[in-house]
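In what follows, chain A forms one complex with chain B and a second complex with chain C.
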Partner chain A sequence: MSLYESEDPDMTTDLDTPPPAPPAGGDPAPPLGPWRRALRGLASSPAAVLSGLGILLIVLAMALAPAYAKYVAKTDPFRSGLSAKIMIDGTRVPVMQRSTEGLGLGVTPIGPTWGPQYFLGADNQGRDVAARFLYGGQNSLFIAGAATLLCLACAALVGIVAGYAGGAIDAVLSNLIDMIWAFPVYLLAISLSIVMLGKSFDFGPIHLSSSSLILPIVIIGLVYVPYVARPVRGRVIAITNSEFVLAARALGIRPSRILWRHILPNVATTLIVFAPMLMALNIVTESSLSFLSVGVQAPNASWGTILQDGQALLYSRPVVSMAPGIAIMVTVMLLNLFGDVLRDILDPKSVRGR
Partner chain B sequence: MLAAMLSRLARMVVVMLGISILTFLIFFATPGADPAARIAGRNAAPETVAAVRHDFGLDQPIWVQYGAMMRKMFITGDLTSFVNRGEKIVPTLRAAAPVTLSLVAGAAVLWMALGALTGILAAATRGRWPDKMLMGLSMMAVAMPVFWVGEMVNLITQSRLHNTWAFSWVPPLGYVPFTESPLRWALALVFPWLTLAFLYIGLYGRMLRTGIIETYQEDYIRTARAKGLTARRVLLKHATRSAIIPVVIMFGMDFGVLVGGAAVLTEVVFGLNGVGRLTYQALKVLDLPMIMASVLYASFFVVLANAIVDLLCILIDPRMRRK
Partner chain C sequence: MIPKLSPERVARRAATALALAALAGFGPTLAQAEGDHRGGTLRLVSVSSQGTLDPHINYTSQFWQLYAFLYDGLVGFKKVGGADSKEVVPDLAEAMPVISNDGKTYTFTLRKGIKFSDGSDMTATDVLASFQRIFKVLGPTAGTFYNGIVGADTCLAEPAGCTLDGGVIIDEAAGTVTINLTAADPEFLFKLSAPHASILPSETTPKDNGNEPIPGTGAYMVKSYDANNSMVIVRNPAFKEWSKDAQPDGYVDEIDYTFGGTEEAAVNAIMNGQADWMFDTPPADRLAELSTTAPDQIHLSPLAAWWYAPMNVNLAPFDDVRVRQALNYAIDRDALVSLFGGPALAQPVCQVLPPEFPGHEDQCIYTQDPGTSWSAPDMEKAQALVDESGTKGAKITVVTEDNAASRGIGTYLQSVLSDLGYDAAVQTISGDIQFTYIQNTNNKVQLSISQWYADYPAASNFLNVLFGCDSFHPGSDASINISGMCDQEIDARMKAAIALGATDQAAADKDWAKIDAAVMEKSPALPLFTPQQVDLLSTRVGNYQFSSLHHWLIANAWVQ
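Showing the complex of A and B:
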């Protein structure tokens, strides 16, 4: 591993990130812990730095949604504004315009003005699409992120228990994983949504309203659990049977300590490698579910719900559909790019391949 | 080998049984999701709900309901819809299956051919501009939601450029049965095929490229080169051949999932009345027997595809036979 030796002082300067987790495992401590080495690898890869910055930029832009709605667009993007009028070039223009096509019946929302108000036009309820786009981005990213964490946590739990316990517990859990995986992901998500959405839940003191974002998070988080739990289980089994764990066992080290010191750190890398890809998958899943109106519920917005709003306006006001679609594409590409670099760094197999 | 195959088949049956129970429980035994209240509609009087519950047999013990539903679905085949009274479910599903099958099979041919081409071309020109361009494109393909691609395709072919020479031949959205006119069947499906295939071309292209590049590290490739075989022969005959096995395994699973209804988004965007759209519409009106039947149909396809893939692997790879 040439990376261990290359301790050049120039490279440490751009590493003023918070101190990484302590070195993993009971292996003889290398000069540089695996976490620190991974961070350094990320910092020295232009693709990782650029995509990381891009993701950060998107998150920051979406965080500005309330400011944009209040100071630039000056509208409430969650209230319909069918009778609103705005000033363009000194004339007052209604937001919902009389249709000029066909029989002249019905109204078409205003197209993109490329100005501060209705930058991307309005949707069928006269709401500012640009402001909704930013708020929707917040929700899309938040749901995808939270669902990723939930999925990784559940997958780690199931995978570790199945892999470490073995025997009957493993057999039951593995078969259950197989069964859930046999559902097409979208059908499973849609089924769960239908059963869970549209009504409120009370779990003791916790009250979930029907439009709560928790429900899509739980649904999206759960459907990909088998996808991660299977490799985690495989990894746990491989580590449990490896020589260093055997040696630790022979030394009489407690199973809980083996789990904590040897298995968890090794599983952690698998989980981290999955995180960006899973987040990317979740963004697409959220948009698909919301597009089918079984994801984020009104009055909340997400990129998926805006795509659904845009479906009816596809031929007259295509920008409503294009903006969130492009945003999804760019975000997912950046996440995948970042994930690729991360995998190359953390996955020992692909390092050997080079 | 026979024992391995039989045990695989037995597992398939167990998984299917488990899935049918799981699906049933999701819809009929989720706390707070009273199917009778759903069927009776919003704000229905308690007596109405009670009558509905009795009518549909929902007041019986849960295992009796499960047994009755399975019998109607698989043995007598006379399961009827809760919403459109009298609509038989099994024939409806059977009518929707060819639409989905046409869509998925056509797309599969496209994505296997183009995906293989992409992967081989990218691996052959690794690090140079064709590779970079193809990988960039496939990264894009993987990043776009399929329904959005479909919308953009519709925007161009049905509206913006529909009146130009390029897309004036595109028929309106919908499905034309193959038996009615093979030509119009194909024309109507060209863009749905391309849209559905796009994502998988990207996925499979990337996967195959990685596989080929990994195979290049193997000893037998070095041997083949040392024998003096041409680069093309090494690439096509030796590297691609072994790198394509995981792609074929993946194909089996993806095909099963899509035929089972995962093509719902493509079907909705292009107005094709396939299994996916049927399920989606049943879900919207909460037609429980229809949902049960189509979800079961879907997952059975996945399980079947998985089993077929595993059986093929047992046949191809002797290492899988011992277990």
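Showing the complex of A and C:
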């Protein structure tokens, strides 16, 4: 997925554009507002409904992680369980199974039991993979969601200020955006992570330990700001030069009111279109950073850390890495699908949007 | 002009001629068979390199294994497999030294005609310069192995101006080197056999040479080295075998060592015939499969080694002995054995000296039923000690190496620390810097995972080196006493035991057993387990030999 697709400042609906003319020959239907049109468009799209429901289901399933760990798996997924044993068919079986064949070397964690405990088996610390998978999903979705909001907020602020103020402020902010853009995203994210995670982050009264989820949220949220801020800036410049804004200025309306009443609502659609795609991108980024040990820190889990745990068990217990891998793929696919439909609906140039 | 030969030399030449005639006259001989295996390239892989290539500084088993065929000392451990590998044999010296002056003076006569890989002659001047350089670069064992040489104290105080006046005396014309000690040291020949006493060209710069190879006298030389990528080792063109025991001519022509990737990838490479050996232990879950599908490619060898977790006794909360003891009570050593691959590969321990090592007596105080062996963790006692110390909630970071076993142990320790009420985190550092990082007190490492492989078969090599005051150098990357423990009383007992070894080794070993117990009472480290060496070789490698000190003797192996 490329965020460049959305750089066209005219891509999204201009909320001040008159609604399409009613069909000739009939009674003129009351015009629908842009938001209601968008909602109706989403409801009438099977792809949007299915992907939306899928995302909702995933979020709900992950939210059940504490209940699953406590009442079903009956385990603490953050504690090593190297000496743990479970009952299978009336026999107590060690979770870490020592080899008795050949030279008798090696220890392999128990595989999927498909029962309440160790449903997906254990990882190399003897921890319940299913419980960690749910907790990991919770963290992955939370980090990606929060990073998306942070990114959109920062991008909106930078884009609107740069686009509306113009002049020197625009030049400074645009160059800053270009500077950050010049860094490859992953290289920047990894560098920031290493600096911030190496030791606890201290800035004035703010203290964040390396295990805090806020660090990956901030890192992931910031690295994508230029990718959203630039199209937002372009959109703001276009709106600022539109007739209704010029008219408002001519009438002596205060800039803050113009920003709030005319510019922000028009930029909002751009931001909304970005949201699901950015969230999908953030899930992948978070997983990549955690896989490289520079995202979520142990004993916390995310889909990325479970992928890393599974890497060492790829041959004997592939399900440990397959589960988060499939979850990432499905979630990202659903978010992208939902984002595509949303963009089509909010884009006045697209067939669906008309 | 025909040189005049002495009767002995005539007899020796005659014997050699007879032997050659015999070899030439009869079918396939040993020499021919060995000659058939000469050539080829050995491909080694490792997750990471181990930093500097400088033999006077590097203190890792990974590179010491290479130094065995790159460098020589005056004496060295015999390069053979089995029990004989602990025997010290003359190397650059033509015979074992003459020991006089009540064990305080060692006189060596150098072999003639030995050249460094750059073509220059190895002389007595190089020997003196090399001993001076050990102090000038402040090598990690300068203060523990070689501090008994006369003049060493001055060198330790002012390394740059080290002369070792009166300590190392050379006679260039006669080719002799005399080393004077301040006191008899029964372990001195062992210490001279370590790579830190390698003889290097006298013009070698007196600073860490880093990735730049230093010419040596061994059968091979390093052609190129990139710590993040690879090392290429080729035959030393100036090498002529002078002693098969000390420095045998290797079989392969080239050794390519690749750094990077994972243990999983290394196992796959070996099984697919793309690599011949991996330095790291194969991952625990792959071992189960390999032990049934490729048992002939796996070699298990007992190690005089110790996996342990040093606790910094000078940093909170480990500056409180109760916290250190609590963690020793709390860890499940059986679980740690699982992380390393099970009981066939590791044996739980709760003391410093490895089993069957000089001075070892079975003892374990950090277990549910204190006695001779570990049985189970005692969480109640651990929790009580933590409560008593009032350190609950303190932040602790475990620094691990970036490999499966070390990471796994780090995660496990974090879990145990959390159970005890601490705010624990794990920091994983690349293997090529972790060892020096955890030694430097400036990095304020509280708890780390490390390993210790015997340099030579003596108790002091574990206890005195790892917990002696002389091994603690605050602010240095070469401070092998990672715990920072310096207990004057125990230190004096260690020095006395070393001295006693000169006259009565059995009595000294008994003292070492008591010192081992005394150190463990102070609990400066968590003994984890004694590992077995696992060597996974490709099917094309033959003549596997394992030395307890050099491990797999790479130069003694051949490839098809």
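Note that in this section the second predicted complex is superposed on the first by the 307 of 354 C-alpha atoms of A that agree within 3 Å, B and C clash if a C-alpha of one lies under 4 Å from a C-alpha of the other, contacts with A are read in each partner's own complex, and residues count from 1 in each chain.
The working rule: a contact is a pair of C-beta atoms (placed from the backbone, for glycine too) under 8 Å apart; a residue touches a chain by one contact, two chains touch by 3 or more.
It should be emphasised that the depicted structure is a prediction, and the values quoted were computed from it without experimental measurement.
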item	value
First (chain B), second (chain C), both or neither touched by A:R254	neither
Contacts of A:R79 with chain B and chain C, given as first, second, both or neither	second
Contacts of A:L187 with chain B and chain C, given as first, second, both or neither	first
Which of chain B and chain C A:Q311 touches, first, second, both or neither	both
Touched partner set for A:K70, first chain B, second chain C, both or neither	neither
Touched partner set for A:A298, first chain B, second chain C, both or neither	second
Intersection of chain A interface sets (partners chain B, chain C)	311, 314-315
Chain A contact footprint on chain C (complex, rising order)	262-264, 283-293, 295, 298, 300, 332, 334-336, 338-339, 341-345, 395, 404, 408, 411-412, 414-416, 418-419, 423, 425-428, 534
Footprint of chain A on chain B - complex, ascending	14-15, 18-19, 22-23, 26-27, 30, 32-33, 139-140, 142-148, 151-152, 154-155, 158-159, 213-214, 217, 257, 260-262, 264-265, 268, 279-280, 283, 286, 291, 294-295, 298-299, 302-303, 306
In the complex, chain A residues that touch chain B	175-176, 178-180, 182-187, 190-192, 194-196, 199, 201, 280, 284, 287-288, 291-292, 294, 307, 310-311, 314-315, 318, 321-322, 325, 328-330, 332-333, 336-337, 353
Of chain A, residues touching chain C in the complex	78-80, 82-83, 96, 98-99, 101-109, 124-126, 198, 209-211, 293, 297-299, 311-317
